[in-house]
Every structure is written in structure tokens, then in C-alpha cells.
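Input: structures, listed below.
Two complexes are shown next, each including chain A; its partner changes from chain B in the first to chain C in the second.
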Partner chain A sequence: MSQSYDRGLIEDFSRWREFEAGMWAWIFHKFTGWVLIGYLFTHIAVLSTGIPASGAETAVLQAGTDVYTQTIVSLEQLLLVRILEVGLLAVAVFHMLNGTRLLLVDLGVGLESQDRSFYASLVLTGAITVASVPTFVAGAF
Partner chain B sequence: MATRYSSFKQGGRLWLLQRITAAFLLVVLAFHFFLLHFVNHANEVSFLASSARMGTVSYYSLMVLFLLTATFHGVNGVYNALVNQGLSGRKRTVVKWTLVAASAVLIVQGIRTANAWAGIPLY
Partner chain C sequence: MSTQIPKETEETEGSKADAEAGVPSKGDVRRAEKRRRAAEKREERRAEEAERAAAAEHTIELRVFRYDPDVEEKQEPRFDTYHVPFEKGMTVLDTLIYARDTYDSSLTFRHSCRQAVCGSDAMFVNGGQKLACKTQIVDLEEPIRIEPLPHADVRKDLVVDMEHFYDQMEAVEPYFQTDELPEGELEEQRQSRENREKVKMSTRCIWCGACMSSCNVAAGDNEYLGPAAINKAYRFAMDEREGEDVKQKRLEIIEQEHGVWRCQTQFSCTEVCPKDIPLTEHIQELKREAVKSNLKFW
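Up next is the complex of A and B:
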């Protein structure tokens, strides 16, 4: 059976200086998880414009003037959306890398190097995000 | 002996499902990002291109499975986070069923959209 810990008031932000790597990993994993599930609902809502678009004439679809194509293209023209997409990538990459770390820990792999693997997740997230910026902002200017 | 800590009930069915979906999502989410941002660019999206992809049985099946696993993993994660923060009793029951209802809406709407793209007249 799992133990239930009283972590105290983690909402008490004055305690953040006392946090160790494991606590930051826990906070970042929760935060990125909330962002991703929030995004999933938004994503499906935006993609749902494909439903009315499917009833459009072939000529309209070929011209790309249907509601789905126009919605996506209009959003992609906004620099803010491109920046948010880079943020989404960062959030997703961190959640994936830290999640891989957690899966390995659950399997008993790397128990002695959890701090280092968390820092590696952060560094790798930063590197992948920075390297992806040119692709994500291409054509936005 | 160190106390084993987990926010999940060890050995539980949902605990295991959360991890199985995590492993699946690692691969499919990476593929999704790569295909729709690096191979095809998001600003070049069109209904016809999305429709051509979704018209393939393998892609359609993968995306429906992606939707199901992502919804489960995300919503179960939210539920566990709330329980971990002390959600209990009647509130816990209300939150649980609200999340189940939200998941159902998300899945139905996602499949309707996929069907619209794939040309399946069920949407």
C-alpha cells in the first residue's frame, strides 16, 4: 500500500527555497500535465471546425476558403500563437522526458541518479525547444 | 528501509493503465509533433491535407487510439492530482463524474471530427 504524506502547505510559496530537485520535478510535472490536458480540450474544439468544413463544395475546399482551413491559417498568422506553440512544445517535451524518468524509476532504474536525470530532462527540454524555434516561427514574420 | 512513495495506489488497475498509456503516448505524441510541425508545417494546414491523412485506416486508427489514451492519461492525471491534494467525500464523487462526462464529450467530439475528415458519414 502507498503511504500518504502530509507535505505541509506547498502552496506556501515562501518555502520554495527549501525545495529539492524531486519537489521541483513534482511541481513541473503537475504544471505541465494541467497545461497539456487544457490544451487537448482546446485543440479538439479548434479542430472541430473540420465538421462544418466537410460539407463545403469541392471548389471551396480546393481554394482553402473553408472554415477549417481559414481558422487554422488565421491562427497561424498570429505571432502570439506561434510563441504559444513553442511554449506548448517545451511543456510537452518536459512532461515526456520527466515522464520517461518516472517510468524508469517505477521500474527501479536510475534510483540513485534521480536528481541528475531531472536536471538532464530540463537541459534537454531547453535544447530541443531552442532548436525548434526556427521551425515554429517560420513564415510568421 | 526506505518508504516507497507514490501518489497512486500500488498495484491498482488505473495505476498500471496510467503507465501503459504514458509509454504509448511518448511515442505517438513525438510522432504527432514531428509529422504536423516538422514534416508538414502547421501554417500550411488545409482541410484536404488533413482529410487525405485521416482517410487512411492506419492513421485514423492511430489517431482515435491517441485520443482515447491521451484523454484517459490526462483526465486520470488531473483526478489523481486532486485526490493527492486532499479531495475526498462527496466533492470527490462529483469531480470524478464531471471528469468522466468531460472525457466522454471530448472523445465523441474528437471522433466526430476524425469521421468528418475521413469521409465517414457518422458525425
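Up next is the complex of A and C:
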């Protein structure tokens, strides 16, 4: 047996400068997918803390002093949460757009322009994210 | 030269006797002298070449991966630098041949046809899988870094073990099979023009292994058939002359656990294939074929 010149994972990914569009799309898709899964569980965990609010009096709910409303309001006061929300939107939008791209790839449509459709998803994600910033950050300062 | 041959044989015999006696023979002395002169000449030639290379208008700087498991001092992988005078139309393979012939005859790499036909010189050039004989120097940034194909065992320098790649190719039965023979013994089995067009690109594969080496999925899953093998399967599965039964058999091979479904459409193989085969497209089409044949409700 010859000895293997094993570049390993590190070697693979230190070539990132040479990666082509399709490879980047794959990496981003994986990454955003995991972020969304992480978000999903955080989302469930955080909202579960507000469950007692379901047993609260109507008056308390209307006054907005129940545990659910309080949790949301206090979270939304944090600048960090607002910024994370923008990030979440970016991640979700990219995952959707690239998911559509992958759907087309699976259907065998426009495989020659797969790199351009990746760039398009990136640009569109950027545009939507930037456009959303005012809405998300309004009143946070 | 030829006249010297018998003389050398004599000397060899003589030296044996002398060596037994423990005294350096005349022959030994002469041979040592000859060796020394040859080494001197080689040095001279090397210096000359280096000078010429330096004087040339444009020299290429190569960084070549070196490794030799059989020599103790070379077991540690290293990079050697060579300067090669540029010539118009020079390919990566040309520079390697120059470096080997001029500087270091132990530099090892595979090559044969030098025209992108035999598929023996796929390498990792400046971070990408390239066919050395098809890659123009002018298209590359200097210094040019040349390494053996990633995700394969290195045998020596730029030579990698291709056995695994060939095994995967064999696994898809890359030869024509049919149960629908034409009548008449001397009858030709013709293919329609449209069908030929359909498989045309897939027939171009030269078994260079660049695609397999570029694929992250193949790197992580040794059993994955890989782009080239699936493309081979495509070439025959799409050939109408093979008939339905054989096609079913082929689809069964490619849709097993480590077949087409491993592909995550990174497009790396399609980018690196020196024969411009739309590999991802073919893999995707086979995926659809596999689904279609499994979803037949009638």
C-alpha cells in the first residue's frame, strides 16, 4: 500500500478561493438549512415559555401584561434580536430562492445557467434583506 | 558508443576479481572517473539550462508536489520549484516534461498522448482538477502549483492510484449489452441519428478521473459510483438499441444506495471535466428516469 497524501477536510476547504458557483451554492444551502433548523427549535422553546398566557383573564390579555406579550415585547426591545431577525430573513430568503433553483436543477431546466441563477439568488437575497432593514430596526434605537 | 560495450563487460569481470582481493582495480578507478565526469557534465548542462532559462524572456515558475514512499528522505511530502522557459502554446504537461528532462529525471507523472485523448494526466493545478496536456500556461497564474489529484492515494509525486476509480467504472458494466439482436447474422445494429445525438457528449469520457476527484460527495463516500461511472451508465441506458430489459437492469444499478441519489448537484464535476461532458445534467436525467420507472402504475 502506498501512503495516502491525505489533504483531509481542512485541505478541501482551504481551497475555497477556487470554488465555483455551484459549490458555493451547495455550502450556503447547507449552512442556511442548519441555521433554519436551529431557529425552529429556539422559536419553539421561546414561545413555549408563553404558554401560561393561554389561561390568563381577557382583561390581562388586553392590558398586555400577560407572560406571552411580555416575553415578546422584552425580546423586541433588544437591538441584538432585531439584527438577528434581519439575519434570519436573509437566511430564509436565500434558502427559498436557492431551493427553487435546485428544484429547477432537479427538473433539468436551465442547467447551463445554474451559476447565473445562483448569483441571481444572492443578489435578490441582498436586495430583499436591505429593503427589510427599516422595518425590522424601526424603533430599536 | 557501441565499441565500448564489450570492453565494459570485461571490466566488470575484472573488477569482481579485484574487489575480492580488496584493492581498487584500474577499472574501478576508471569507472569512478567516468562517473565523476558524467556528473560534472550533468552539472554543466544543468547550469547552462538554468542560465538559458534565466536569459529567456519569460520563465515559468512551477511548484511541484514531490513524494516518494520508497526513498526515506522523500517520504515527507514537499514542493520543488522549477523555472521553465516559456514557449508559445506551452501546456502544463510541456513544462513538466521540460522540468523532468532538464532538472530532475526522478520527477514522476503519467502522460502518453499529449492531446487529451488517453486521460492519463489529470492533475491538481492551481487548486483545480485539470488535464495537464490541455491546460495552457497563459491561462494560469504564476507560480503554477501542481499537485496530484485530491482524494486519491499518491503513489509517487504526481501519480495517484486510479484503481478505485476504475472499479467504480467497471461497476456500471460499461459495455454494450442487448437482448434485441437484428435478424440476419450480418445485419448491422443501427442507431437513429437523434439517439446518437442524445448520447454523443456522454461517449467522450476519457477516464481521467478529474470529476471524481473534484466531487465532495465522492470524497466522503467511497462507495459512491461517482460522476464518470454514472455518465457511463447514462451512455448505455439512453442507447435505444439496448432494449427495455437491459435498461431496467442499468437503472437498478444506478439507483442503489450509493448511486445517483448521492449527487447533491454541486456541479464541480461538470466544471472540471476536460471533455466538457454535462455530467450533472446526465446524473439528473438518470434520477428522473429512475423515479419514472419506479412510479409506473399501469
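The rule is simple: the second predicted complex is superposed on the first by the 128 of 141 C-alpha atoms of A that agree within 3 Å, B and C clash if a C-alpha of one lies under 4 Å from a C-alpha of the other, contacts with A are read in each partner's own complex, and residues count from 1 in each chain.
Criterion: a residue touches a chain if its C-beta (ideal position, glycine included) is under 8 Å from a C-beta of that chain, and two chains touch if they have at least 3 such contacts.
All values derive from a computational prediction rather than experimental measurement.
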item: Contacts of A:L89 with chain B and chain C, given as first, second, both or neither; value: first
item: Touched partner set for A:D106, first chain B, second chain C, both or neither; value: both
item: Partner chain in contact with A:A138 - chain B first, chain C second, else both or neither; value: first
item: Touching partner for A:I72 - first (chain B), second (chain C), both, neither; value: first
item: Which superposed partner A:E20 touches (first chain B, second chain C, both, neither); value: second
item: Partner chain in contact with A:Q114 - chain B first, chain C second, else both or neither; value: second
item: Comparing the two partners chain B and chain C, which touches a greater set of residues in chain A; value: B
item: Partner chain in contact with A:L47 - chain B first, chain C second, else both or neither; value: first
item: Overlap of chain C and chain B interfaces on chain A (superposed complexes); value: 1-3, 5, 102, 106
item: Chain A contact footprint on chain C (complex, rising order); value: 65, 67, 69, 75, 77, 126-128, 148, 150-151, 153-156, 161, 216, 219, 264-268, 270-271, 278, 280-281, 284-285, 287-288
item: Footprint of chain C on chain A - complex, ascending; value: 1-5, 7, 11-12, 15, 17-18, 20-23, 25-26, 102, 105-108, 111-112, 114-115
item: Touching residues (chain side chain B, partner chain A) in the complex; value: 3-10, 19, 22-23, 25-26, 29-30, 33, 37-38, 41-43, 45-48, 50-51, 67, 70-71, 74-75, 77-78, 81, 102, 106, 109-110, 112-113, 116-117, 119, 123
item: Of all residues in chain A, those that touch chain B in their complex; value: 1-3, 5, 30, 33-34, 36-37, 40-41, 44-45, 47-48, 50-51, 53-54, 56, 61-62, 64, 66, 68-69, 72-73, 76-77, 85, 89, 92, 96, 99-100, 102-103, 106, 132, 135-136, 138-140
